[in-house]
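Presented sequentially are two complexes of chain A, the first with chain B as partner and the second with chain C.
Up next, the complex of A and B:
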C-alpha cells in the first residue's frame, strides 16, 4: 500500500526549453518515473517513484533534467527530524523492519578527515616520484619472526604463502547475486590488470571467472553458498567472513527474486529460494572453533593459500583481532561501521559497530604489544574514499585497504541506496538482463583501472612528500600523522599527536 | 578505413545515437535549438529485434556498394573508403533507398537522400553516434 503520509522525497525538474522529448529518460528509468504525453507532446514525470539515481540526468543529451530534494517540509523540530518522522510512517504502514543499502549515511565523525599527513621541509628531503623509484608493492601474509639459515649457510625459505599486491588496495567482497555478472567481470578484469585482488563475497565463483583465479579472493561465509573444492582451489586466498561493517552481528539475505539462472547455479541453491546466511557460523563459537575452520581450509588447499578472517569493527575489536591472530589466520580484515551493503536493516547499519580508524589503531597497537603483529597482515575497509585515506590507514598500521563503495562509484553507482529493490539503473545491483547489460564490463574495468592508477600516483606523491619511498616504510609510522579537532582520548586511541605537537 | 561497428550485446536501445547524429549534422551549436519540436532525420536507426535485443544500423560503407551502382545521377560515390553523397546532384529518385540491403539510406528534410558519412563532412571529428554512446555499443574501428 502506498503511504499517503509521505510526500515524495525528490522532485524532477525538467527545463522545458531544453527538453527535446527524445524519451531517453523514459527508456532508462527502471522505476518508471518518466513518460511521454502523446497528446501534449511533452515529457511528464511521477516523482514519487524517483530514487535519485541520476541515470536520466547523466544520459539526458540536452542537460534538461535535474533531480532536487523536495523542499516540502514538516514543521521544524530538532528532535523529530523529517527522516525520523518518515521512518515512523513507513513502519506504521508496513509493519516491517526498515531496510537500507550502502554505508551508514549519518553525520558521525569521519576520523580520516581529522587526521593530517606530514611532509618534508628543509631538514629532510622529499622525493619526486616522477624521477626516483617508489615502491607501492605490498605482500600480505604471515611474516617469519627470524631469518633462518641452513647448515650450508644459505637462507631457509620459511615464508608462508603471501599475496602480492602492486598497490595496497583490494576490491572487497561483493557477491555475484548482490551485484551483477557484468559488475563482477569488471572487478575481476580490473584486479587482474592491476595486479591486485577482488573478492567473490558469499556468492560462489561463476564458472566464467575461474580464469581470474590468481587475482581472486574466495570467500567462505556462514551460509557456505557456492563453496566446493574447485572453488577453494581457484582463488589466490580464502576469506572466512565472520562479519560485515554495515551489519555486524547479523547474517545476509539475498531475496529469491535475485536467485535466478547462473546466480542459483553458482550459489548451489534452487532458483527463487531466498539465500539466507545465518548470523553466526554455526560451527564457530570460539577462537578454537575458528582455528579449526582456518586449518580445515588450509588442509583442503595444501597450505598453499593464505587465509583471511574478516570481522566487523565492534567494541572489543582489539581482543578479537588478537584471538584471530592466534587462530592461525594469515590476514585479518576489519570492516568499519561505514562499510557498504546491498541490504541491511537500517537500525543496524546506522547504529552498530565502530569507526574503522579507531578499530585499526587499537588492533595494530594491541598486536604489537602482544608481539604478534608479524603473524598477521591487517587489511581495513569500511569507507576508504581516496588515496589519502589509504595513506592514513597505512600510517595507522594497516598493510592494505579494502574498497568497495569507491569501486562501485567508479562503475557508475550514484549512491541512491536502493540496491535492495533490484532495479539498479546502472546495471550494478540487479539481475534483470535488460539492466545488467547497461554495464559494459570493458568500460567498467577501464574505469576501475583508471581509478586505481590515479590513486597509485597520488599515494606515491604523498609518500614522496614525506620523504618516504616505499609503502613498507610508512606502515605503522604514526609520527607521520597529526590530529585536529579531537579529544585527548581519541588521540590516545589513534596513537597520534595533536597538530602543532 | 574506419567503420562504425555495432555490438548489439551492449546496446541499451536508448536511441541517443539517433539524436546525436541528427544534431551533429544539423550544423547548429545547440541541441535543443536543432532538434526541439522538429521531425528527426537521423542517419543511424536503432531497431528492436525482439527478446530485449536492440541494435543501431547505419551505412556499412560496402566495398562494392550497390547504392552507388544504382544511383542514376551520380550523387552517390565511393571515395577514400566511404560512401558519400553529393546532395546537389541527388534527384530524389530513392532507388538507393530501395536497393540498400541494410535500410541505411533515408530521405532528409528537403527530399534528397541522406546517409551516414562517418561525420567526415560535419567537422565533429569522430562519428557523433560513437562518441555519445553511453555503453560502448558503437565503436569506430579499422
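Up next, the complex of A and C:
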C-alpha cells in the first residue's frame, strides 16, 4: 500500500496523557494502523495505512485519538495539486487504473446550494404541519391520460401498477456484495417500517430478505446476477439498470475475492469468480431494444409490477428520457454525477456525467413539452443530502428521490471513500464476518427510520411554509424556487428565476 | 409435430400479452400456430410444453423457468434470455444474443445462430446451462461467458468459418466445444483453445446424444471430425488492472 514517494495523507494524533493502552483502536482497525509496542508499553501507529474512517476515534474510551490531515505538503502549485501528483505516483508505481469509491468529491457546482425556496408572507397563509393535515404520500407509475367510464357510468379501473410511498424518498440500489448483509437488512427493515422501498442493486436478493419483498425494488442489470422468476416475483417493482451516476458508460466489476459464501449464492455464481456486469446490455442498442427488455419483464411478471429504467445523467439526457418514456417504462430514475459507488475508476467518477439538478429540470421540461410527462414518474438521485434537497428536486419536477450515501451515513459510514478495499471498519462495505457484525441491523434500521422521519417532518415544514399541503402540489412548481450565483443559461435550464425577480 | 391433444392457439388473433395469457390458461401445454414474430412467448413459464409452428419473435422463452418449447421454424433474437431452467428446441436458425445470461436449462438449435450466442452464460452449483448450435455462429460467441457449456457443430455447409470473429472475448468461466480444428479461428488472449480430449468428449456425450436424437442426426458421422475445446485462462480476468486511489 505504501508508495515510496507518497507521505501518508493523515496523521494519527495520540494524546499520551489520555491513552491507557487498552488496545481498542488496534482491535477496531482492519487496516492495521495501530499496534502495541510491548517493550515500551505504548501504542504506536503506521499512518500510511490510515484511511481516516474515524472508527478508532469514535471508539477510543478516553478520547485520546484524533486523525488530522497531514500538513506535510508538496511545493504549492495551483496546476499540479497534491492529489494530481499522488495519482501520477500511484500509476507510475503500478500501471493500474485508479479506482475510487463513493461520489465525486471535486469542487464542482452543487446547484441545490444555489437554489432557494419560497415561503408565504401576508398574501397566502403558510400552514403549520403540527396542526394541519399534510400529504407526503406519492404514487409512482404511469398515470392514465383520461378517466374512463363503463356503460353503467362507473369509473373503470385503468390504472397500471403503482408504487405507493409514504414520503417521496427511496433507498437506491446497493448490491449485496458491495455492502454487507447487515447493511442490506437495515435498509430493508427501515423501508418496510417507513412504507417506502429499498433496492437490491445487481446482486440478487438474499433468501432471508424475500419477506421484505413488498418494500423491495429488484434490479436487473447487464450481468443479470441473481435474476430468476422468484426474484422478479418477490419485488414490488423491477428496475432495469442502464447506467449509474458515479460511472456512466461503464459496467460493474465485483472482484472474485468478494464473491464468497452467501454473496456467491445470492448472485448465483461460483465463489471466487469475478462478477462482471458488462458496460452495455448487449441486447440493447436502441429504444426499441429497451422496450423489448421492459416488456419481457412485464410479461414474465404478468403486468403486475411497474418497471423502472435507471440511467446516469449525461449529455442529451432529456432526449434519452423521452425515449425511455416511450419504451413502456413506468418510472425513470436518473442518477447524477455525484452519485456514490462501491468502486469506480477515478477518472470516470470525477469527469463523466452531469449534475442531477440540470438533468432533472431538462427532462421534466422535455417530457412536458412532448405531452408525455404523466406517462412516467421521475425519480432522481446522485447526491440528495437533505430534506431541502428533496423539496427542491420535487419543485424542479421529480416525483421522488433516491438516496444512498445519506442512508449509509445514517448507518455509520464516515465517507473515507475506500469501500473498494472491502475492509470497512463500520461493517457496511465489507463481507468480513468480524466487521459485518459491527453493524447491528436493528440499530441500523432505527437510525434510518429516524433520519427519514426527521426529513419527512422537515419536508412538511418547508411545504407548509410555502402554503402548500401536499407533495403533489409542489411537483414541478418551479415558481417556488429562485436561483443565486448562476448564469442566465443555468437559470434557463433549471427553469427558475433569479432571486429578487 | 402436430399434437392433436394439445389446445391450439392462433397467434394471429392475439398480441404477445394475449398469447401468454392463453398459454397460462392452457396450463402451459399448447400448440401455437401461425406464429409470425410475436415476442416474449413463454416468458418466465415454469412448467408446460409449447409447440410453435412458425417464427416466434424476440425473447422467446425469456426467464424460462422449467417449461419446454419446440419451434418448427426459425426463431429471432434473444432466445432464452436469462433462462433459468427448461428446454428450447429450434428446428431452424436463430438470431442474435441467444441464451443471454442463461443460468440453467438447455437450448438446442438445428441451424445457425447470429451474433453473441451464449453471451454471459453463467453457472452455479448444479445449474449448468447448455447451448448447442448445430450450424455456425456469428461473432462474439460466448462473450463474457462465465459458466455453462456451448457446443457448436458447424453442420451448415458454406464457406464461412464455424464461428466468426472474437469468440470468447472476456470469457471467464465455462467451456466451449467447437466441431472444427479451428485453425482459421483467432481466439483472444484470455482463453486457451486446444484439441478436445476423450475426457472432454465424454463430458458432452449426453448433450451430443440428445442433439442427434432430437434432430435425427447420425452421431457416428458427427463425431468423425476434430473438436476444439475453449476454456478461459482465469476466472479473474481483470484482477491486475486497478490501483486504489
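Just a few scattered comments:
The rule is simple: the second predicted complex is superposed on the first by the 499 of 501 C-alpha atoms of A that agree within 3 Å, B and C clash if a C-alpha of one lies under 4 Å from a C-alpha of the other, contacts with A are read in each partner's own complex, and residues count from 1 in each chain.
In this section, contacts are C-beta pairs under 8 Å (C-beta built on N, C-alpha and C of every residue); 3 or more make two chains touch, one makes a residue touch a chain.
Since this is a predicted model, take the numbers as computed values, not measurements.
With chain A as the common reference, chain B sits beside chain C without any clash. Judged by the touch definition given at the top, the superposed model places A:116 against neither chain B nor chain C. Contact with neither chain B nor chain C is seen for A:85 once the two complexes are overlaid on the shared chain. Judged by the touch definition given at the top, the superposed model places A:229 against chain C, while chain B stays out of reach. Of the two partner chains, chain B is the only one that A:440 touches; chain C does not reach it.
Of the two partners chain B and chain C, more residues of chain A are touched by C.
Contacts of A:287 after superposition: neither chain B nor chain C is touched.
Shared-chain residue A:421: touches chain C; no touch with chain B. Contacts of A:314 after superposition on the shared chain: neither chain B nor chain C is touched. An angle of 110 degrees, to the nearest 10, separates chain B from chain C at the C-alpha centre of chain A in the overlay. In the overlay built on the shared chain, the residue A:62 is in contact with chain B alone; chain C does not reach it. Taking every C-alpha of chain B against every C-alpha of chain C after the fit on chain A, the minimum distance is 27 Å. Within chain A, not a single residue is touched by chain B in the first complex and by chain C in the second.
Across the complex, chain B meets chain A through its residues 9-10, 12-16, 19-20, 23, 31-32, 35-37, 52, 132, 134-137. Note for the complex: chain A touches chain C at residues 1, 87, 90-91, 93-100, 220, 222-224, 227-229, 232, 253, 255-256, 264-265, 268-270, 272-274, 276, 278, 282-283, 292, 295-296, 299-303, 345-346, 418, 420-421.
Of all residues in chain A, those touching chain B in their complex are 17-24, 27-28, 41, 58-59, 61-62, 64, 433-434, 437-440, 442-443. Taken together, the chain C residues at the contact with chain A in this complex read 16-17, 20, 24, 39-40, 43-44, 46, 58-59, 62-63, 65, 77-78, 81-82, 84, 96-97, 100-101, 103, 116, 119-120, 122-125, 127, 143-144, 146-147, 170, 172-173, 235-245.
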